[in-house]
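The same chain A turns up in both complexes below, where it pairs with chain B and then with chain C.
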Partner chain A sequence: SAGGGSEDMQWCFSQVKGAIDDDVAEADIISTVEFNHSGELLATGDRGGRVVIFQQEVENKSVPEYRSEYNVYSTFQSHEPEFDYLKSLEIEEKINKIRWLPQKNASQFLLSTNDKTIKLWKISERDKRPEGYNLKEEDGRYINPGNVTSLRVPVFRPMDLMVEASPRRVFSNAHTYHINSISVNSDHETYLSADDLRVNLWNLEINDRSFNIVDIKPANMEDLTEIITAAEFHPHHCHTLVYSSSKGSIRLCDMRASALCDQHTKLFEEPEDPSNRSFFSEIISSISDVKFSHSGRYLMTRDYLTVKIWDLNMETRPIETYQVHEYLRNKMCSLYENDCLFDKFECCWNGNDSVVMTGSYNNFFRMFDRAQRRDATLEASREHNLPLQLLKPRRVCTGGGGGGGCSKRKKDEISVDSLDFNKKILHTAWHPNDNIIAVATINNLYIFQDKVSDPDSADDLSASDMMCTI
Partner chain B sequence: MNASAMDVNTEAKRILAVSISKLYASRSQRGGLRLHRSLLLSLVMRSARDIYHSAYAQAAAEEAAAAMDADKELEKVSEPLVKSPEPEKVELECREREEDKEVEEEEDMEDVFESETDSEDKENMNPSRHSRKRRGNTSAAPDFLPSKRARLEPGEERHAVLLGAVVPLGAMGLGSCRVGESLNAFSINRVAMPAC
Partner chain C sequence: MFGKGAKRKLDEEDDEGLEGQALASPVAPGAAGGPGPRWPEGPSKVSYTLQRQTIFNISLMKLMYSHRSPPAEPRLERRVLINNMLRRIQEELKQEGALRPPLLLLPPSPPPDDPMDETFREAPPAAGSGPGPATPGPPSAMPASPVTPASAAQLPLQLLALPPSPAPPPTPPPPPHTATPPCPPATPTGPAPMEACLTPASLLEDNDTAFCTLAPPTLPLSPPPTPPNCQPASPLPLPPRGPSPHGAGFFPPAPASLAPGPPAAIAKTAAAANTTTTSPTAPALPLPSPPLPLRDSRTTAPRAEVAVVSPTSVGVVADAPPASHPYPPAPPSPSGFLSDLALDDILFADIDTSMYDFDACTTAGAVTAKLSPAVTADDLLKSLTSPYAVAPAPQVSANQPFKIDLTELDHIMEVLVGS
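Here is the complex of A and B:
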């Protein structure tokens, strides 16, 4: 890989959220991270079914160095563990995905899902309350009506901000298999949910009815060879969706073509390189995430070792392939044994689709600058916690022999054998309009921002200028 | 077998053993069996099985050629050598099926046993092969009684698979299990179908 960390791509530590404790409670393990459409809110979901929403600090938004300060805005329990008595199965409360709805009014809405049930949450602020009731004291005690001598009209007075989350819709009983994706449509009226074998279409207002639009369940389950791993709506065309498969292919479907989109409109697939064939070829070619670019022109997919960029106009092969951690190719047997080979990494685009990011092991995450043809390996670590401290690029050396084979024992170099595979970054998110990123380690959320190049002229830079500096 | 083929064979056995223990472990997982994971496990096992099987067939062919016997004797020798690794796997298959009875969903039981019959094995056919119910050890105790077959711990399973010992076919007492059938019938897809 190219030596990362050119002048163009420099990142600073901003904040870290979560317990410092190394003893991680399973419930606190972060399972999803998502910015809302303005980037002002950042939501995380965890294995315990909890959603925590952070809000960008208003006063600091205009100060470039501190614009990435996020504080807790709301915390609520989205899903609880359930038990399916018919099948004798426990349904985990882990939040698999969160997706924000575009903002229409003062309240914010998001969809959160576990394996079986999707919920629409309304997050609203209350900053005033009525005071001056005739029959009630301020503390709520009732006044004896006989003591009321005059009447007044209650008025709203300011109060300390209270953020309330309430479930507005519960969409359940539509999935036999485990839900892996949800995606809000550009029409802002519908959304899709996908499980291993089916994709369903919902209207946000109607929770007792859902339309099945993709069904790949074979008549005989013994013939099952492929499952759906992720699905997403096109950002602009409300009739177009894609879904990825465990075989490494992506299918694009047009809902105008037919009610049931089992026949794909396009099939994106790259022939396997026969020289790379191994016992584990199927596992590593399984796509773990698929994301449209903001422009809608490109698709990004993540499989175990690579990130691929596809042009929607070319189905035969990706236009770009980036190696995330090719040095793991020789370790696949051990990664299979310790289950790491089943890890599902996500990926994300920056606001103008010029850079993509994904996670790796040892709390490393990777960025690929498509235009500059540069890439960087950075680390989310508590060792670099000074505000605005620059992140140093990391390097993994792969030479053989004792000591890991790092020829020069540089401080920022690490050998493959020293990587900590328990420290994995599966979930990352990029602010839609700015160079602020949220990176989730197992139980911590790191927020980084790009280095403000010239502090003296920082006031003159707008957010869009920031975006271009990458 | 040459050295590298042996290595591959050893790795294949190891991967099979690891996969089987993963499969067992995933049954007690919270949230139920995951279809994706089960599918991937089955694909890995199939790869490993294919390699293991072809390595054994290759070894058998080599040994038979070196024996310098007549053609008939060659056939006699190669068959048991090919079949012998199967009994352990088939035994596991039987136990899998027994345990799967509780977790199988109705709709997936309709297409239970395809008739991939082995014509050489007629005496081992289950007479009730056309019944809808999943077959277990029909020669053993009735369904409502717990199986008396000892459950192997994951470590022991590994040992059993790796042994590859030749067991006389008659001693298996396999009523319904079709000895000699390939690991295809291990059919992880069925195991992978929990109540989902």
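Here is the complex of A and C:
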């Protein structure tokens, strides 16, 4: 299937990766998820600084029901914790973002970054090795030349597949603040990295220099009221980038206009709704993620309660706004107290930009079908782990009254007060060409695929479990 | 959602009631067509005020405590957002102050010189020995001082000085709770569990009179019937500031100077807190003019002294020099040092101050001369809004701050002498 949203799109469980027990090691907490450009590889980064790459099973790719089987392909330690002695502060090894480079040759390349340093990794396969050296034994020991009596030419012989990851570039010392985004340019030669106050432009080949293109640091840091939260290059126009702010605005910059893009070309900002104004208006307006559509025509932003779709041609307001968990609006004081209000949810497009997805709490994640104007709430849970088991839509009740529960408690309904705010889905990814999604809970990675509809199957009767709207 | 001024049903969820009031915020001044803050009336106004105060305290707590070990660099976005929250609340309070001048008599605005001056750093050594650069007036002059927006800005810190216990036991803050303490006292060992810090709206209704009183001349005479868990955890008190002309801080000397609502409660609790010090002349409860500044002097003095050995003493957090790094553990502004230290100090009011020669208790009348000057909310906010400010290490125990400071001072002296 081409990755479009269909009337009957339903999702099935495919796999779950990660530890089963509830005691979560901090290092195992997943911090980023990203498919490569073909969808064949799926990379995750965690707080321990490790990158795990899963590969789609080759044999099963052509079998629709099993095409979303991914197995571990490579694991490596990308970043180590560092200690900044000058400031007496630790630099976390947590991988904030992974971005794949488009594939040019047999090897794969990805950029991974923590708070301060970006690294370019080359992931290459080795399935042959040379054998038959003249001067070396098979185990590598050198032969006494005096014992060599004949010449032979070493040949390559097959060996068990080995996947090697090697750091090809380390881009460091360019960020005073915490890196929140990296984005590879469509020219495939440059990329940007953004921290709280600056956006830098790098050449992939040059790691000792970067060019600062956006700087919003005020002369007096006490005047600082707004920071950069995310940045991305346009998918097709290599001169265009956007960055979002903690005040809910998005600025589009054209690097052709000036070398320093402090002056934006476009400013996307929606006026505040006065009826919704509260103490927390600014915090919930802070944009946690910004993503261009594959077409390059639209921009998606995620703030605490909503997903917004913007048309690049209209700056005054988004063209679509989707409520992710509006029922949390009455809980914002508590969420502020326990810091949940600062959670940074990501969002993603499907392959043809018809459906968008984002995470929520209680291991719920939300999908919004733009064309069909339907939305769904699904859950990533170990309770529904039978292969190809259909995910049942979830529903959150906001009912008032003393109990705070649903008036008629159905099995798939849960009240707002019962939500587990420790189970948050911050990172999701959608296969670029297929209806395969990767959803990261705190320490597990779930892979789902859309249900393959079989006209003869009795399973179609379960299509009565339509996606329900909240 | 609740509209402005809408009354809540009593049988609704308390949390929802309080949360719902989050929306009943007045229209910001400057909003299109808005003449200024429009207050919700009646109990929703009280709960709005209380919630605002709660949020203010929560915000300060968030900035103060670092949850990480070993300490990592603070997240700038989080700090900026919290700072903005604090500034907004302060702005609102300023405007409220501007709207109610006759009811708000606060110490006049701080001296015109920039509190972030380098001279600031030199002020603490002078504390206890003389006034700040500006000419201090006697505290008794305070009641007559006009209200300015800047002085109105000192109001939020009054809002902060709410020890958890309403009763006036002669114990140092944080006082032990007699009732179940949903609001635990702020401890140094880590962030106070804050889940319970929200005041249920039902309690607000119980204490309508307490919170809605406008000008309570008889207010401070008896402890308020405030609920045991009425206020958020932190007895975040008054960090000292640089020199201030009127020294005595933000406690208004006269009851009539108390603003309506929470400031009234503060006056009571200030009286309560007053008794927790070893001020020799402080009566148990009332709020007369001298004991207040006296309390200030008692508690600000050690802070001042602590500030003497700072800025390096902020190496409680880190030893890093305040070089040109983005998240220095020591805030760049001296008031930031002071505020960090002051909070530690206040949290451990039983600090042994015997090593410091300070007899402010004998100088009640001329207390302003000795006081480490009061910190205004502006300054506190400024110090906190510096993205560089990092929480003091929560592991500091009662007597250690001073010893650590001296040790580090020795170390610094060695380095200086050696070089």
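By definition in this document, the second predicted complex is superposed on the first by the 444 of 470 C-alpha atoms of A that agree within 3 Å, B and C clash if a C-alpha of one lies under 4 Å from a C-alpha of the other, contacts with A are read in each partner's own complex, and residues count from 1 in each chain.
FYI, contacts are C-beta pairs under 8 Å (C-beta built on N, C-alpha and C of every residue); 3 or more make two chains touch, one makes a residue touch a chain.
Just so it is clear, the structure is predicted and the values come from calculations on it, not from any experiment.
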item	value
Fit or clash between chain C and chain B when superposed on chain A	clash
Partner chain in contact with A:C340 - chain B first, chain C second, else both or neither	neither
First, second, both or neither for A:K87, with chain B first and chain C second	both
Partner chain in contact with A:H178 - chain B first, chain C second, else both or neither	both
Which of chain B and chain C A:P274 touches, first, second, both or neither	second
A:M221 touches, of chain B and chain C: first, second, both or neither?	both
Residue contacts with chain A in the superposition, chain B compared against chain C	C
Stretch in clash, chain C with chain B, out of 7-15, 25-33, 277-285 or 385-393	385-393
Shared chain A surface residues [contacts with chain B and with chain C]	86-92, 115, 176-178, 196-197, 221-222, 224-225, 227, 229, 246, 279-280, 282-283, 286, 333, 336-337, 339, 342
Of chain B, residues touching chain A in the complex	11-12, 14-15, 18, 22, 30-32, 34-37, 39-40, 43-44, 47-48, 51, 103, 105, 108, 111, 114, 187, 189-190, 192-196
Complex interface listing, chain A residues touching chain C	83, 86-92, 115, 176-178, 196-197, 221-222, 224-227, 229, 246, 274-280, 282-283, 286, 329-334, 336-339, 342, 400-402, 404
Touching residues (chain side chain C, partner chain A) in the complex	1, 11-13, 15-16, 18-20, 22-23, 25, 27-28, 31, 51-52, 54-55, 58, 62, 68, 70-73, 75-78, 80-81, 83-85, 87-89, 116, 194-195, 197-198, 318-320, 323, 325-329, 332-333, 382, 385-388
Residues of chain A touching chain B in the complex	84, 86-92, 94, 115, 176-178, 196-197, 219-225, 227, 229, 246, 279-283, 286, 333, 336-337, 339, 342
